[in-house]
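Chains: A, B and C, in written order; residue numbering restarts at 1 for each.
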Amino acid sequence: MANGFLQITDNNDRNWYTALFSRALEIRHSFEAGRKFHPSLEGVMLINLFFEPSTRTRVSFESAEKFLGATVLNVNLQDSSTAKGETEEDTLKCVAGYMPDMMVIRHKREGFPRMAQDVTGIPVINAGDGKACHPTQALLDVFTLWERFGDLEGRKILFLGNLSHSRVVNSTSRLASLFGMQCHYCSPPGWQKQDAPQGSIVETPDNLGDYDVIYALRIQFERGAGDEFSKEEYQQRYRLDEKRVATMADHGVIMHPAPMNRGVEITDGAADGEKSIIFHQMENGLFARMALLEKLWMGGGSC
Amino acid sequence: MANGFLQITDNNDRNWYTALFSRALEIRHSFEAGRKFHPSLEGVMLINLFFEPSTRTRVSFESAEKFLGATVLNVNLQDSSTAKGETEEDTLKCVAGYMPDMMVIRHKREGFPRMAQDVTGIPVINAGDGKACHPTQALLDVFTLWERFGDLEGRKILFLGNLSHSRVVNSTSRLASLFGMQCHYCSPPGWQKQDAPQGSIVETPDNLGDYDVIYALRIQFERGAGDEFSKEEYQQRYRLDEKRVATMADHGVIMHPAPMNRGVEITDGAADGEKSIIFHQMENGLFARMALLEKLWMGGGSC
Amino acid sequence: MANGFLQITDNNDRNWYTALFSRALEIRHSFEAGRKFHPSLEGVMLINLFFEPSTRTRVSFESAEKFLGATVLNVNLQDSSTAKGETEEDTLKCVAGYMPDMMVIRHKREGFPRMAQDVTGIPVINAGDGKACHPTQALLDVFTLWERFGDLEGRKILFLGNLSHSRVVNSTSRLASLFGMQCHYCSPPGWQKQDAPQGSIVETPDNLGDYDVIYALRIQFERGAGDEFSKEEYQQRYRLDEKRVATMADHGVIMHPAPMNRGVEITDGAADGEKSIIFHQMENGLFARMALLEKLWMGGGSC
């Protein structure tokens, strides 16, 4: 029976994650060998319950679930389809009445997935809540680094871009820290990570020789994100381009959570160059989610 | 082979329903014992064909179908996706060309599901047509009462709220009557059930000691439903609240088809109190639909 | 392993298609005998990737895939769900990261499906790209004719209606020609097929005795298609009506890709009369797609 809930803040057991990463790597290797289906969730009913649209995350989960042999229901409750006047608790009880064994939930409000688990008694995987948390993104990111570097103790990662509203940065930096990584942050003045520890702020991305990982974030100027400075200014001072990549250490790698805004926060040369592991990272989303679903269902403890 | 069609008006055989309820109860017990999958529809292709959006009903059917091992296609033909100029018959023949063994159909016009069965020759389950009929809601409601009370002969049910446009009231009262229940109706003046038999109208819900069941209906003031009186007036005179619940018989129960508009037609105390079987009723939707799908497919006669 | 790609222009091997048609007919017969599931794609993950909405084509594919036992993901990337700033190549790599074995792709731009196969290395079936190509429509059309007439050498087909923007006409005429059919075209002045060979243009559809097949196309006046003449004028001069049907040869048949705009390009008498094989043609969509999916997966060569 599943009994876990993916709140990375709750789980400080590095071994739990390492076991998950080992399994994710095993699954990756089996895919590379042409074996994709691992029916450990046969006879398990899963609901992907999305309160905000996210085709990519939903399909990544659905793919993982189906490769594991699960039976899947997709339930989108956006805007008008949540009944007027109905409480969130009642909506959740209604969904629980479809009798899923687990639920994957995305909601714009922080804490919703945990509340959903409390109300329904059904194990919930957090597929992103508000600006706080995106645990499976953290899993796939740190899995990718673990696969690359092995021991992560003391490794340095620099998050670059719009850090103030990023659930990716919040989640991934937390898990990276658990593995002993040193997290640094570089952003324009108005986009700093609010709770960045003293000494972790980096002024410019012009000297990247110290870092094992440069993690570029998506910038969306069309959302009015850059009122204080122009797109051109951002590109000149912060974009990860060939000149900045040239300052990286030989063994340094580049990551990005996708979708990339090419030309804005990252150039083609950086995204497609030999230091980029962005597409490998992207593929690891499936393998990390498969390992997580399997581990939770098998009862490998709460995470 | 399936040969049934769910028009409750067509079927006056109490035994047919009792057999269905027995099976639904069996299925409920198996779920409670941890066994959910009952693959009696393996190798059966089902289409859920929805001409008006209804996430809840659709997912309830889809869940039932998948627990029975069926292969499922969801087809939403709303608004723009029905081709301009194409006749309904041609649209149905197009869907029939996907070669389903059964179809679950929801449409805003009364009689559409039956017409669809006639045109295609494929067994159709009516998932709600117009204001006339919502047969599977009736099934789950009366199943819930049968589970609770056993013999329903002479039991009294009071429908409370907006009764004039309710397919729930139409369907459930009809099936309840077949089981010998006495149906009573209480609503504000403008919201009476049009075809309520003489003597079945109740003025106020202030003395509920006579009823075995109080069935509260959803009120939507935002749809301009209450032009003749205010929300406050409704709450004062008709809402099922603790004071009114206190007048109920000891063995009386409270039902509601959901989603509840808490505070409007029902208070928290009534909805969550010990007389409420609303969440049990909600869960029975899955079990009643599973039993129905199985029975129709197994050829248990027309209903 | 699958290695095909459905560009009819690439494949001039009549035998390849004949083998496919034979298999489609076998499948049709098995359906008629009550056996629908042919699990030759069990353990295969398929993604239906639609960049423009097309419920009919998508469900036809999904039905075919599920009758073959495949595991299916539907991914709709329309409008807002394609990320701003992301390149098409990156979007495709993201989808490829869900690790499908094959993809069925519809896109409004010609050549997109082939590009998608090149970028991802995953076999792609073209479910319609731009105004250029709709290969599976061609398959089901020519399959239907092959089933009807056997040898198609020298048979005459007349395409009638709005031919200038029709991917159906482009695709079906090409495949019909490969089988030795003579294609003729009849349309109002502004709607001619641009690349129609000399001598293939027919002025009026008033004498149809020479043709084995009359293929009527959908007309949409609401899209401003008929600026140059009125709906009434079209109906009088080009609509396939009983009078024109009466001029057809005894063995002649009527086809239409659906959805029909009854009364506009075709009358009820023509659509439902004894010469019409429109509904048979419609059903063949499923069988042709099943045969194609199976053949591509089994490695029956590129098409």
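In this text, a contact is a pair of C-beta atoms (placed from the backbone, for glycine too) under 8 Å apart; a residue touches a chain by one contact, two chains touch by 3 or more.
Everything quoted here is computed from the prediction, not taken from an experiment.
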Topology of the chain contact graph, where touching chains are joined (line, ring, star, complete, other): complete
Copy pair chain B, chain C: interface residue numbering same or different (half cut): different
Approximate Å spacing (C-alpha centroids) for the pair chain B, chain C: 41
Residues of chain A whose C-beta touches two or more other chains: none
Contacting residues of chain B [partner chain A, same complex]: 31, 36-37, 53, 55-56, 59-60, 62-63, 66-67, 220, 222, 258-264, 279, 282-283, 285-286
Touching residues on chain A, where the partner in the complex is chain B: 43, 45, 71, 73, 75-77, 81, 83-87, 90-91, 93-95, 97-99, 101
